[in-house]
Amino acid sequence: MDKYKSLKQECYEANMQLPKLGLVIYTFGNVSCIDRSAGVYAIKPSGVNYDKMTWQDIVILDLDDKVINGSMRPSSDAKTHTVLYNAFDNIGGIVHTHSTCATAWSQAGRSVPLYGTTHADHLACDIPCTEIMEDESIKGDYEKETGYQILNAFKTQNLNPDEVQMVLVAGHGPFSWGTDAIKAVYNSKVLEELCQMALLTENISPDAKRLKTALIRKHYNRKHGKNAYYGQN
Amino acid sequence: MDKYKSLKQECYEANMQLPKLGLVIYTFGNVSCIDRSAGVYAIKPSGVNYDKMTWQDIVILDLDDKVINGSMRPSSDAKTHTVLYNAFDNIGGIVHTHSTCATAWSQAGRSVPLYGTTHADHLACDIPCTEIMEDESIKGDYEKETGYQILNAFKTQNLNPDEVQMVLVAGHGPFSWGTDAIKAVYNSKVLEELCQMALLTENISPDAKRLKTALIRKHYNRKHGKNAYYGQN
Amino acid sequence: MDKYKSLKQECYEANMQLPKLGLVIYTFGNVSCIDRSAGVYAIKPSGVNYDKMTWQDIVILDLDDKVINGSMRPSSDAKTHTVLYNAFDNIGGIVHTHSTCATAWSQAGRSVPLYGTTHADHLACDIPCTEIMEDESIKGDYEKETGYQILNAFKTQNLNPDEVQMVLVAGHGPFSWGTDAIKAVYNSKVLEELCQMALLTENISPDAKRLKTALIRKHYNRKHGKNAYYGQN
Amino acid sequence: MDKYKSLKQECYEANMQLPKLGLVIYTFGNVSCIDRSAGVYAIKPSGVNYDKMTWQDIVILDLDDKVINGSMRPSSDAKTHTVLYNAFDNIGGIVHTHSTCATAWSQAGRSVPLYGTTHADHLACDIPCTEIMEDESIKGDYEKETGYQILNAFKTQNLNPDEVQMVLVAGHGPFSWGTDAIKAVYNSKVLEELCQMALLTENISPDAKRLKTALIRKHYNRKHGKNAYYGQN
């Protein structure tokens, strides 16, 4: 009997959505989810294909990067997940992919301008892009530094991770999160869609303007905060 | 026994076409259809995923925005539908999506130029784009104002909603309609295709010219009006 | 017993490939195939959806545009097919679609430059685009004139329809043909692919050069003519 | 009993992945795999559709281009494969496709700039593009010369085929390889993805910069060489 069975299964199900949603090919992504009360999180094993993975392959780590349970090596990006779980108190799941359009914006090193209400329904500012990593950090504990790179972007751009649940790591690719793993996957898919729409918007109008503030606030607040009136709750 | 069963089922079937046609992800869209004799219309519930929705979840409203039947909250865009049903006498169904290319043109704030016969088969002018909404309207009854924004575009551009069955709301996304819900969905798919073709046309030839008037009239009249000779009727 | 059963079935099967190959949505295309000895050809009925069509719906016409057999109205483009069958002696099938990239090149009014060997494997020159139709022709027998428009492009550009089996009608979309209906469909799919590749090539290098003549001849002759050595025959 | 059964089956399985991965339409590609101890390799027959091919159709050749076993004619590109097997000692499989984005870069005649870590995970330099072939070579033993064209690019650009497992042949399309056929197919899919990402990166930022050297080394060495720590081995 595996005491982490339900956490592993939640992690497995969320991981399996990535190829179905067209967000990853081969092993180009990973999802984790945390049990805050137990102080452990579950993550995809490194380099294992989605079509061969079972829930039993999922690896359990604590918040000091120690493997607690599981026979496989965790995702090489695990330390980035640990940094984010330690810094962002309210998040329950994290996703990293190399989805096509989000990766292209990351490679271009640009934040994604807020061009429309589809974007404003999810976050009230541009999708942030980090600075490119310094050489010393690259030579250090690289995956941990990737986490710090994200924290630094949120600090310098004064962003709240409960409101901005996605980020582009410059030269690399996207990370997203949410209150659970499925919501983090949702944000990962939405991010890819927003990146494609913004790319095409600039294609149609190279001098397209950002959405006006009143519309941003209106759409963001329709879905978030105490006056939200979208959905069934 | 639900007296609105057949209206709800018609609405449900039309809604379920959206994800199959690649026009929506998650809850990014809604379809409604009206029973003119009863003075009520059916619409998708707010924020419900397509793969979990049943026909019983569909909500019935009257033309004063009052929920007549159904246990769920209607789409947050319902008031926009109400405005359109009240203003456009001959329409039987309405669709709103955030389909990728149509949303990109909306975000660019541009009407879609009539570049070819595929476009002219469906409407004889550019696909209209509204003005961006005024701040006072945004702070008012927003979804109702979105309807007025569309009506205003049709009035100032002197358009007939029986002939022009699609519109782009600036900074937001597309709406389409038709004599019934399935025809409204058809127009939604055609709109997305026309938006992609126009985008690629400008990509291939930045100075592409609009189709000549004689070809526009020829193709539009092949399919519409008393001399139409396309199809089986 | 239907004496045209096998011709209708051949036509039906070829038509059904179009949506599967992603070349048409709804009723945006048609395929025909000819029985030269009987002097008749089979074509899709007008405005019938692919998912509702049966082989019995296929219409038989002679080469004077007269319906010989079938209870439905033939494709509104039938007269274009008739002109091509009468002018191009060796063709056995014709396809018309509004496939996305081929239509975008048609709308841009540009011939597709021969940028690579994928193109040269199929034809040894640019994919021709016709002139835009004159107003008198549009007011005349429009679909017949569309056929003449194609013949005129082949005459003025000195092209051989046995070697160049595809064309873009300016402002409209693509036609392709082949020795039978399935080969015409093959050319329709290849055309769409070549159009997409050429569009992306110019995207990557706005000043991309046409393939050199020696490579064009080499690749075209690998697959065509008496010294061909591609395939199993 | 066919003594080449297992080699043919390995070749067949790898070939069948190409259409599933969206890398080929019709017969636009081929995979081979070698048995080094026997000095023979298996390759797809020329011009045979994927949906009609069986493992028995696979052809066996020796490293002098002689057909050893099989009743069909081998891929017309077989001589290119032979040249590569003779020159690159450690490769076990080769793939040639006309996948859309990789072909577009080939047609543009450009090497693909290393813009991000997805690229660096697989190779530590730009994806090389060959020179365009000289006319004398085209008139000579063309498919053999295509192999020499690749060898020449690797020599003049000082590249190691164990580290750089993909190449664009100018005006033509991509070749990839790997220690076995499935890994060669993997590289073919990754190549297509990298080509699409680079294209979109330049679309978003025409003056995008290559990834800094420290990040290239870091990511390449995470997955390759004696200090690799990605995956389960």
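Note that the chains are named A, B, C and D in the order they appear, and that numbering of residues resets to 1 at the start of each chain.
The rule is short, and it goes like this: a residue touches a chain if its C-beta (ideal position, glycine included) is under 8 Å from a C-beta of that chain, and two chains touch if they have at least 3 such contacts.
Please read these numbers as outputs of a predicted model, since none were measured by experiment.
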Checklist entry - Chains shared as neighbours by subunit C and subunit D? => result none
Item to check | Copies subunit B and subunit A - interface residue numbers shared by over half, same or different | outcome: different
Next on the checklist: What's the distance between the Cα centroids of subunit B and subunit D, rounded to whole Å?
Outcome noted: 46
Checklist entry - Taking each chain's centre as the mean of its CA atoms, how far is subunit B from subunit C in angstrom? => result 33
Checklist entry - Using the touch rule from the top of the page, what residues of subunit C touch 2 or more other chains? => result 203
Checklist outcome for this item: Seen from subunit D, its contact residues with subunit A in the complex are 115-118, 186, 189-190, 193, 196-198, 200-201, 203-205, 208-209, 211-212, 214-215, 218, 222, 229-232
Checklist entry - Can you name the residues of subunit A that touch subunit D in the complex? => result 25-26, 28, 45-48, 72-73, 76, 98, 100-101, 103-110, 132-133, 135, 138-139, 142, 171-173, 199, 202-203
